[in-house]
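Chain nomenclature is as follows: A, B, C, D and E, assigned in order of appearance, with residue numbering initiated at 1 for each chain independently.
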Amino acid sequence: MLATFANPAHFMRFSAWATPLCAVIAVVLFAIGLPWALIYSPADYQQGETVRIMYVHVPAAWWGLSIYLFMGVASFVSFVWRHALADIAARAAAPIGATFTAMCLITGSLWGAPTWGTWWEWDGRLTSMLVLFIIYLGYIALRGAVEDEERNARLAAILCMVGLINLPIVHFSVVWWSTLHQPASIFRPGGSSVDPSMLGPLFTMVAAFLALGLALGLMNMRAAIFRRRVETVRLRGANA
Amino acid sequence: MSAFSVAFRRDFALMWSAGGGVVAPLGFFVGAAVLVPLAMGPARDPLAAAGPPLLWVAAALAVLATIERLFQADLEDGSLDQMLLSPTPLELIVLAKGTALWCAIGMPIALAAAPVAIAMQAPLALVPAIVCSVALGMAAFVGAGLVGAALTASVRRGGVLIALIVMPFFAPPIIFGAAVAAVGFGAAFMLLAGCALAYLVLGAFGAAAALRLQAE
Amino acid sequence: MAEQEKVGVRVQALAIRRGARLLFEDLSFTSRPGDYLEIRGANGAGKTSLLRAIAGFLRPVAGRVAFDNTEESALALHYVGHLNGLKGGVTPRAHMEYWRGLFGGVGSIDGAASKLGITSLLDLPVRVLSQGQQRRVSLARLLVALRPVWLLDEPAAALDSAGRSVVAQLVSDHCASGGVVLAAVHESLGPSPSQTVVLS
Amino acid sequence: MSAFSVAFRRDFALMWSAGGGVVAPLGFFVGAAVLVPLAMGPARDPLAAAGPPLLWVAAALAVLATIERLFQADLEDGSLDQMLLSPTPLELIVLAKGTALWCAIGMPIALAAAPVAIAMQAPLALVPAIVCSVALGMAAFVGAGLVGAALTASVRRGGVLIALIVMPFFAPPIIFGAAVAAVGFGAAFMLLAGCALAYLVLGAFGAAAALRLQAE
Amino acid sequence: MAEQEKVGVRVQALAIRRGARLLFEDLSFTSRPGDYLEIRGANGAGKTSLLRAIAGFLRPVAGRVAFDNTEESALALHYVGHLNGLKGGVTPRAHMEYWRGLFGGVGSIDGAASKLGITSLLDLPVRVLSQGQQRRVSLARLLVALRPVWLLDEPAAALDSAGRSVVAQLVSDHCASGGVVLAAVHESLGPSPSQTVVLS
């Protein structure tokens, strides 16, 4: 498996079928999850229908966070072992993670309007999510700004790793700073407090988001590899 | 193709790529706006009072953060000599630079002002006025920034110095802008527009005059 | 450059001070259309300062520089100095287009590039080019916009022998077509100067 | 004389002269602090609430305005090559730069914080704590700034970019700092000190790693 | 430089890529203490890249560079490249003191200055110096701190004839005292090279 990812040629062959597969899985899961979440699942006894936002909000939040962790690992691999594909993966993941984070922010504030009576509340978790979003933007901007390919990769890797170290510091300082946001209520000691009937659709959506993210990520990676090849040819021509 | 558009396209391309495209100014602005509540604490009321005006400080500082190298780079790599030798009046070339800066930084930030204003508890009704006023304000900041950048072009690491020179000129647009953020379109908005226009024109001439002295 | 008006340069009783130091005074010379004039002198003699004074960047303490048939120096000059005036992220092609627009020139970019042997580099960012290649790009300015008077400050700096002979060719062609070339050099470019100004 | 002190003295001299000595950073800081009341209007209460924390935003931005050229100049003029060839570990040289920056910009600003805080209606009893915390906070900002400056050294006109990259790192020190400004010495102060230390070390290593890539 | 250890440089099967372009591959040569080695090649051939790879700035795609009697290249090298590494606002004297501290050198500043003919400029800000004068300041680095291996990239660039002969003198002295000099040049510096590497 690792060997598959070690070498771009293998990866291209693997991703050639893996990408559409993920896409199909995503479609199927959404086909199941969306109606389940939006129609058949029960409304919350106090939040009413608005609770359905959770089925977008929570997966977006989880994957928004997890993707940055993934990028951190990938960056470490690419920095230490000069692993080209790991770098491509990190780069491909960034916009997706940023999008999920943005979705979490947007759905969150949409949700906040009815439940908290405000679009935005400067609460710990919200703020740290916003900071995460900014970290994503910084990473993307840096990748866009440095021209030299290899340097770009390694600098971005450093930024991503430093950001990873910084993330918990930010999170805890911000939470220490203030917290209004409801505490973890799904994975918490003593089992979940969310009605089990909500967990089914929730986790279907979580899986659907994962499949979608994978499909998009693989697509980005393939595009990046093609672009790199084209660029190489172009420069060869230029220097011939 | 007129020399103005040539200069504009070149500078816009340079700023766009260097700044990391539209993402960077947006991120900067949002980031600066986040620092404020972090410093003020999450309590709504003081934030609602302080927030929208502070958005102005953030916008002003986005310009400050960009202009330092505006002419310095041209001076150090010799491009300035070429601008001086061109038949096009230097004022026009400078204006092209300013316009490019406004398009590359000012417009994105003006757009970003909408969500930021909301996050800072600004009433929704005021948001359009805020966005337009920020767009105008950025033009004013750029105008003032041109002069500061030209004056300090030969000072390496003059970031703070330039800020110091320019800051006083930022006061009027900020005051008008804050007023707009409070009451929406109206007299303040007109004043802001006039201010922006005046700054851009004066800025172009002042900067050109300063640049002529920088080359020697 | 038949369509180009012919312009002469008259330097009259020029004196230049840098900081506390008077580099030279009462320097006078005239170059007629078609002249190639060499400026020589040790490091620090004032060659660059002289050229920049002629270009109008530097205000002389005394004397004046006059151009026949035109009042605005800005319209008559090309200046290639120690600094190449290039942006690292921009390609040679984009630079030439910029100069052409800025100077209102009409020269062909590919023609200039092939003359200077940088055709294969036209679409690389300047940042990655070697010192000599960057110098060549900077010299391409002379060809994309026609101007009667060329001020060249060590034009052959960083160039290999092939590059030097290209510069020599450019200079003699320009003079042959009635242009004026003032070049500050440490060793001869090739074409025999019609006049040599030595600063000490 | 150790290479560290050599590097420190050189950089300190450079920043001192380039930044317009101590005046410029102070002016910038005070100026930024003045913009805020301007933007907020004269009303006392929101100002009292907003003022002291905003001093933190101003301090953060004073650093942002300075660091852009921190390593870029060295890269462009070839000094970086010499640093890499020196037997001294690059981390140490980077740390010297950071220390110099802190002395040239951070300390003056920390001192200026006192009058500014008072002008912004901060209770006198808190002023000492505020000054100390700003001094610590500046160290943290510098540490983060080193990384940002090193990462963007090869990006011309990266002013906004660097700010964007560095801003998230500013959040913790600002939070703690604002807390100190509210309650004086205490837990927040300790956290701030720890944060500053961590950032300086992390910054020196991160920046050195990035710089090694910049020369090529 | 009797007290200085003698160091040889071995370049083994070196290959360097810039961007997509392979500049050269399988390049090998050895220079013993006392050697003066000339690197030649057209603009863009890869002279600078080679020197920077030897200095350790540039990672070669294949091959290696080894220094006898010392593992750390950092301790053995002086590099004078296209860029002078000077700060406009700082005086030559301050630069030399800085380098001496940075490299742990012991050379006399006034001695170096007089050798390079910049004594009168020691206290001017570098910004005001002429191109050639700045080059001389940058070369002074070689004298304030003794290092066995010198990598010089067009050391005579912008120098007048007097300056060139000074460089020639420095090179031959350094070799005579058992140092190694690798210089990329377009025309000979003067001293006859014990070896010439030609890149194409």
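Quick note on the criterion: a residue touches a chain if its C-beta (ideal position, glycine included) is under 8 Å from a C-beta of that chain, and two chains touch if they have at least 3 such contacts.
This structure is a prediction, so every number in the text was calculated from the model and none was measured.
Chain centres here are means of the Cα atoms, and by that rule the chain farthest away from chain C is A. At the far end from chain B, in terms of centres built from Cα atoms, lies E. Between chain A and chain B the centroid-to-centroid distance comes to 33 Å (mean Cα coordinates, whole Å). Work out the mean CA point of chain B and of chain D, and you get 23 Å between them. In terms of their C-alpha centroids, the spacing between chain A and chain C amounts to 55 Å.
Contact with two or more other chains is made by residues 14, 17-20, 23-24, 27, 31, 34, 38, 41, 73, 76, 156 of chain B. Chain E has residues 19, 82, 87, 89 in contact with two or more other chains.
Among the residues of chain A, those touching two or more other chains are numbered 131, 134, 137-138, 141-142, 145, 147-148, 174, 177, 234-235, 238-239.
Within the complex formed with chain D, the chain A residues making contact are 131, 134-135, 137-138, 141-142, 145-148, 151, 154-155, 158-159, 162-163, 165-166, 169-170, 173-174, 176-177. The residues of chain B lying in touch with chain A in their complex are 17-21, 23-24, 26-27, 30-31, 34, 37-38, 41-42, 44, 47, 118-119, 121. By the touch criterion stated above, chain C contacts chain E in their complex at residues 18-19, 41-44, 48, 82, 121, 124, 128-133, 135-136, 154, 157-163, 186-187.
Per the touch definition, chain E reaches chain D in the complex via residues 52, 55-59, 72, 74-75, 77-79, 81-87, 89-90, 94, 97-99, 101-104, 141. Residues of chain B that touch chain D in their complex: 14-15, 18-20, 23-25, 27-28, 31-32, 34-36, 38-41, 43, 46, 49-50, 53-54, 56-57, 60-62, 64-70, 73, 76, 105, 155-161, 163-164, 167-168, 170-171, 174-175, 177-178, 182.
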